[in-house]
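In what follows, structures are represented as structure tokens.
Two complexes come next, and they have one chain in common, subunit A, joined by subunit B in the first and subunit C in the second.
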Partner chain A sequence: MAHQAHPYHMVDPSPWPLTGAVAALLMTSGLAIWFHFHSTILMLLGTVLLVLTICQWWRDVVREGTFQGHHTPPAQKGLRYGMILFITSEVLFFAGFFWAFYHSSLAPTPELGGFWPPAGITPLDPFEVPLLNTAVLLASGVTVTWAHHSIMEGDRKQAIHSLTLTILLGGYFTFLQALEYYEAPFTIADGVYGATFFVATGFHGLHVIIGSTFLAVCLHRQIRHHFTSTHHFGFEAAAWYWHFVDVVWLFLYISIYWWGS
Partner chain B sequence: LSSGVEFSSAVHSAVCRKYVFICCVSGIPTDEEQATGLEKIIMETMKEGKDPYNMLKPKSYSGTKEDPNIVPSITNRRIVAVSVSEEDNTAIVWFWIHEGEAQRCPSCGSYYKLVHYDLPH
Partner chain C sequence: MYRHVFALQQVARRTITSSARRERNRVPEKQKLFQEDNGLPVHLKGGATDALLYRATMGLTVFGTGYVLYELWKASFPQKKD
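Coming up: the complex of A and B.
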């Protein structure tokens, strides 16, 4: 029997990197086609292909790790590095939007009236729904830590309850933020204030949805007994991502909602 | 709320009856029970103190003829890379070790002996 003599995972050939690349191509060129020729078919096709790629690729990762045992300690270490590097890249992604916000708000131009918030903008009261949103996300950080400790201590019931609560809190945040978007007295087209506000909080909201989805997948896997008390990296990765989303919100709240008002 | 607690404990005990190999009472399996494949093989052999998949740093020996560096191999030869052959080495010395008598590093002369082992399967 010719087996590997190393503990790493040499993955089997897979079509998902190719389908993912094709999806990226279709989505980007589809965006251009939409802008110029008013047709959304290419972009929608790309999005569908992206979703299929995501589901099947990560389904395969779960199969390889949980069902086939390929995630040895060194392999898991690699996955940890990967997640940390990815989250770091996301931090830098948001850093750009914070740079844009501070660039415009620290030295408001005469067109804005020379002050911030600019003339004509009524900012949202930071001590109303945005403060509630802060509390919701902080609470969800507590519940996800509770879930982690429950898993490590082998308590299935509490793990499921606290993870469910985390997802519900994430959903509540998204719901509240959607209401705020609907009721806001300014739009993305309202100068640099609107642009920085909605691009930064909008990408954050997208990340909340992504993080909630990741946690929901973990809940499904936890219910199906995938995680052990010592090996549950998928959950840890989701929890790291969730804490990152929470920290970005805190920066958004302090900078844009509070200082920026 | 109390009926919810009863329901979840009923589900819990039903699950425990169905999956008898979950021996821990509170319901989350351990690696002992659930690890599979290479992860399981590595877990079990490391418990016996063995490292067939070279996860740890190679053991260092004094390198004399009586106490040569042991080089485990699943075939009859293996490449050895020595990074501190002499004190001021700035390069790594690479060489093949074949089965049989202990051979010497071409740079510093330490002894290396190939020892065959089989992968657990």
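Coming up: the complex of A and C.
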């Protein structure tokens, strides 16, 4: 049987890039069809296909790394670069929404009354639920660091406890934010204030859900003994992503909730 | 209502950690399965469930491609409103 004479990972042919691309096509076309013809079937089909692609693709990555040993140190270095570049692209994604917020709020137009928050808008009190949410996410940053140290020290029980706590805190944030959305005295349709508020915090909330899911997958893998004290990059990637989500919230809190009120 | 949510969180945590303690390390078995020299690609190497999931996903992909082309073709021609 031939063996490779290099430490890099030459992947097996995979159908998931194709199914993922078709999922993206169906979701975007489906969005257009929904807007114009009120039918959601195409968009739903695309979403189902996306979920199937995601599950199977990342299942295969776990198989390739943990079960087949393909994630050598050089291969892992590539994965690290990849995750860092992805998070950087997400930072730029949020930068756009912060740009939009500051564009409208630093020089409020006469239509808004010439001040910010605009006329007719009752902003949320930054020292009520938003402050609690800040504490929740900061605490989750501590617990995820605790989980990392537990994994590195080979303390299985503490790793599982602290990772579970991190996920619960993420769930608590999502729950509190959903309540805030329900109770808010303004909507996304309330001018530029509503638009910037809900688009920025909405995308952040989506990232909290994604991050919590990533951490939950890591918890599942930690329980099943996938991680060793020296090799647990999947967890590190999830922890990096989680810290990114926390930092975005801090910027949101300072800019939109506090300064913007 | 919030008491129920908090209680659920505690139950979930205890359920997760108590079943986690009993979990035997099955990674060596998985390593043997996925390193077997049978020529199967990684996305099919886990067994029959892999093939089932693959066929379902690819089926949806092929159907979806056809369906989207049909919908886009239909959307390209203005419908007369009567």
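As a convention for this text, the second predicted complex is superposed on the first by the 260 of 261 C-alpha atoms of A that agree within 3 Å, B and C clash if a C-alpha of one lies under 4 Å from a C-alpha of the other, contacts with A are read in each partner's own complex, and residues count from 1 in each chain.
Keep in mind that, in the parts below, contacts are C-beta pairs under 8 Å (C-beta built on N, C-alpha and C of every residue); 3 or more make two chains touch, one makes a residue touch a chain.
Worth saying up front: this structure is predicted, and the values here are computed from it rather than measured.
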Broader residue contact with subunit A after superposition on the shared chain, subunit B or subunit C: C
First, second, both or neither for A:3, with subunit B first and subunit C second: first
Which superposed partner A:71 touches (first subunit B, second subunit C, both, neither): first
Subunit B versus subunit C as contact partner of A:243, first or second or both or neither: neither
Touched partner set for A:49, first subunit B, second subunit C, both or neither: second
Subunit B versus subunit C as contact partner of A:175, first or second or both or neither: second
Touched partner set for A:12, first subunit B, second subunit C, both or neither: second
Which superposed partner A:80 touches (first subunit B, second subunit C, both, neither): neither
Subunit B versus subunit C as contact partner of A:231, first or second or both or neither: first
Touching partner for A:157 - first (subunit B), second (subunit C), both, neither: both
Doubly contacted subunit A residues - partners subunit C and subunit B: 1, 67-69, 157, 225
Subunit A-facing residues of subunit C, complex: 5, 9, 12-13, 16-17, 19-21, 23, 25-27, 30-31, 33-35, 37, 41-43, 45-46, 53-54, 56-58, 60-61, 64-65, 67-68, 71-72, 75
Residue ranges of subunit A in contact with subunit C within the complex: 1, 11-16, 18-19, 22-23, 25-26, 29-30, 32-33, 36-37, 42, 45-46, 48-49, 52-53, 56, 60, 63-64, 66-69, 157, 160-161, 164-165, 168, 171-172, 175, 219, 223-226
Subunit B-touching residues of subunit A, taken from the complex the two chains share: 1, 3-7, 67-74, 151, 153-157, 159, 225, 227-231
Touching residues (chain side subunit B, partner subunit A) in the complex: 8-9, 12, 19, 22, 24, 26-31, 33-42, 52-55, 74, 119, 121
